[in-house]
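Multiple structures are listed underneath, in structure tokens.
In the two assemblies presented below, chain A is common to both, partnered first by chain B and then by chain C.
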Partner chain A sequence: MVKEIERAGIPVVHMCTVVPISLTIGANRIVPAVGIPYPLGNPLLGEEGSFKIRMKLVKKALKALETEVDGQTVFE
Partner chain B sequence: MEKKRVVHYINNFFAGIGGEEKADIPPESRPGRIGPGMALAEVLGDKYEVVGTVICGDSYFGENIEVAQEKLLSMIGDFKPDAFVAGPAFNAGRYGVACGTIARAVEQKFSIPVITGMYEENPGVDMFKKDLYIIRTGNSAADMRVAMPKIGALLKRMMEGEEILSPEAEGYIPRGIRVNYFADQNGAARGVEMLVKKMAGEAYVTEYPMPVFDRVDPQPAVKNIKKARIAVVTSGGIVPQGNPDRIESSSATKYGIYSIEGMDMMSPNDFMTIHGGYDRAFVTENPNLVVPLDALRQLEREGEIGELVNYFVTTTGTGTSIGNAKGFGEQFSKKLVEDKVDAVILTST
Partner chain C sequence: MKLELGKIKIKDVQFGDVTKVEGNVLYVNAKEIETLVLEDERLISAKVELAKPGESVRIAPVKDVIEPRVKVSGNGGIFPGVISKVQEVGNGRTHALVGANVITCGKIVGFQEGIIDMSGPAAKYCPFCSTYNVCIVIEPAEGLDTHDYEAAGRLAGLKAAARIGEAGRNITPDEVMSYETKPLQEQIKQYPNLPKVGYIHMLQSQGLLHDTYYYGVDAKVMLPTVMYPTEMMDGAIVSGNCVAPCDKVTTFHHLNNPVVEELYKRHGKDLNFVGVILTNENVFLADKERSSDMVAKLAEYMGLDGVLITEEGYGNPDTDLMMNCKKVSQKGIKVVLITDEFPGRDGKSQSLADAVDEADALVSCGNGNVIINFPPMDRVIGTLDYVETMIGGYEGSLKPDGSIEAELQIIIASTIANGYNCLAARGY
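Right, the complex of A and B next:
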């Protein structure tokens, strides 16, 4: 799906937990997520802590969208 | 001895009936061989005869698959075939799909050997390689003189009931069938041999090739994210409570587009996860862990992003075939383009 969105002309950032899969399928902008059952946040840290992580990751994703890349790039 | 009867399918172009402007011609049937059928007859030799050729325009076939298939099957049946050849289609996509469709239909209806030929990137390959012997060809008709002898040779072996050898030996595209055989050396020895070659920088052939994935060049960066229209897509299986479209919890065959208009966050009262590939407990309590609506709305209010489109796109990623996922992506991306989306955040679990 990532590739088809990009192929259609829209820049896309893939936020995913299993980065090697994302690399294998061919996503170009990749932001590693936290965990498989909770990619964007960490409920173990409570609502507030979890939200902070989510906000940080989303901002990182927006940054990735604003960044020129010339190949697959993982935004650590 | 009576000759074995072979029927050949080709498109209008190979039949010499015009080019793209004639691609809408409906099925027709002609006795004997035409165009590439000449080369086929030559390869097959005296014991076989190309008794008839059926022709259809690729566009007609693509737009009227059911009707075209039915008519062609009836025409093919009239020739009382012992075997059937379609194409080869090389890298012509619609022709490849037509060849695969009709070859499979002929095999199912008449239970006779069928064969076609395509370039490996022809979309017909992925659609039909499991069902059919597809001879691997070059990407254009210039390869006909190489491709047709391989098609003829394999077809003869199939008609004579001989054992069909490996894809490499026969020249067809691997069908994903495993065949047991006795190797000269055990796995450990073969593995070490490969490793030594790999370390020495020499060529070696893996016994377990990984699938090849295609690549897309990255789009240029978003110029001004503060003015951008952003959409969220997910493979994390978030759906409205009750899963109204009954999206599968694994091996999805569909995706959904659901409104988030006027919502400040993904409320667990409104949304649930049906994904069968992870522990759903956390996301059930807080779907924002997959669709980060709460964070995005805050950024929207603060002017950090232009605006969020008023829906998200969702399916289940686990076990879903690449073909299906690609199809979903192609379809919903059209909507994203129409809705002037500047950038997409795609989340996966």
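Right, the complex of A and C next:
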């Protein structure tokens, strides 16, 4: 999906938990997420804690979307 | 560490008043096994049914397959840390009822349990169509949490297999195999001119019903470690997972690991099998990095020249597989991967979720996405209620006459990524 949307000319940020797979499939802007069972939160931290994680990751992803990249880039 | 494995060849299974082996026939006291299983109050019903090769029988949803074994001499007991007390195993003598299996089935736990046909065209994809199976159909207490149901089902199978295995304690085996691996330095000295080969055994440990246990330790909280191969033959590793049926490493496969078996066959001939590195497949990237770092470090520390690596499951574990491959290769050690493939029903997609340049030698155990047809069977052990939600099934899979159309991956062990299956490729 990442590749097809980019092929249509729209930049994509892939927020993913297993960065090597994202690199293998060819995503250009990669934001590492939390983990496979809960990519954008953490149930151990409750709703409030998860919201903070989500806000931080989404802001990072938006920043990545605005950033010019020269090849595959992981935004740590 | 040296283990003598006495193989008692089972050629039939029947119900009897006493659970025993007589003249290569296993007799099972169904009441005894049902009572044993129902000691666990999480289960409200247990029914023993027998399934023999060639019968018109379908078993589903299958949770685990377990070969009955008993520890005759040496430390510890079968399934240490789970059924027997925690104590090192792998030494002494063990008897196995080869050709008999305990199969747990019944109402689905998650969605990743499978099917075994005892005859017909789908049977040939599963090694357990040719064994004499003691099936235990379990039913959970109402409202039982899924994880508790999984644990209860897992323990039911292991307890029953250990109890049935006792029947082999005083029987003279038909064949006795001997397996020995010495402490590392002695083992290297024994065959100094042969290449030192190790086996990297990746255990499913994703959590959420995808777990494996080593001496009772949940593999996801374990760091990679080194083990003697014979520990496996006494049940040091047990399956507790609902991973896709086709490449689920059942407890049977841990007891009868084909990679270990093949490496021992060549031990002292053209290679020196020095040991096993046990590792996991966790769901956080940091865990994957840490475990694969440690695997590579242990492989280097052991002075290995080459390794075989197997994985369990597919998708994100392919990343663990590739990280292990890359990092071990970078230590100057030759790597061969053993896995299965999921290229989609048309075969056109990438077969594994991840790949690295170092993965240049790979043995494939088959394509799990191929669609096959299962004719109706006269008898179902368990239930077909969940076929369409099981991995490999889909809406419309189950036909009104009881026949099934589904992907090959719905069959237990059909493409198992260690080679204990029936598929082979032929070149033209």
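Here is the rule we go by: the second predicted complex is superposed on the first by the 76 of 76 C-alpha atoms of A that agree within 3 Å, B and C clash if a C-alpha of one lies under 4 Å from a C-alpha of the other, contacts with A are read in each partner's own complex, and residues count from 1 in each chain.
To be clear about the criterion, contacts are C-beta pairs under 8 Å (C-beta built on N, C-alpha and C of every residue); 3 or more make two chains touch, one makes a residue touch a chain.
It should be emphasised that the depicted structure is a prediction, and the values quoted were computed from it without experimental measurement.
Novice: Which partner does A:V19 reach: the first (chain B), the second (chain C), both, or neither?
Specialist: It touches chain C, and chain B stays clear.
Novice: Is the number of chain A residues in contact higher for chain B or for chain C?
Specialist: B
Novice: One more residue to check, A:P37. First (chain B), second (chain C), both or neither?
Specialist: Both partners, chain B and chain C.
Novice: Is there a shared patch on chain A that both chain B and chain C touch, and which residues make it up?
Specialist: 17-18, 21, 24-25, 36-37
Novice: Spell out the part of chain B that touches chain A in their complex, as residue ranges.
Specialist: 213-222, 225, 228, 233, 235-236, 278-283, 285-286, 288-290, 292, 294-296, 298-299, 304-305, 315, 325-326, 328-330, 332-334, 336-337, 341-349
Novice: Under the touch definition given earlier, write down the residues of chain C that touch chain A in their complex.
Specialist: Contact set of chain C toward chain A: 206-208, 283-285, 288, 316, 318-319, 322-323, 350, 353-355.
Novice: Over in the complex, which chain A residues touch chain B? Could you list them?
Specialist: Touching chain B: residues 1-18, 21-22, 24-29, 33, 36-41, 43, 47, 50-51, 54-55, 57-59, 61-62, 65-71, 73 of chain A.
Novice: With touch defined as at the start, can you tell me which chain A residues reach chain C in the complex?
Specialist: 17-21, 24-25, 32, 34-37
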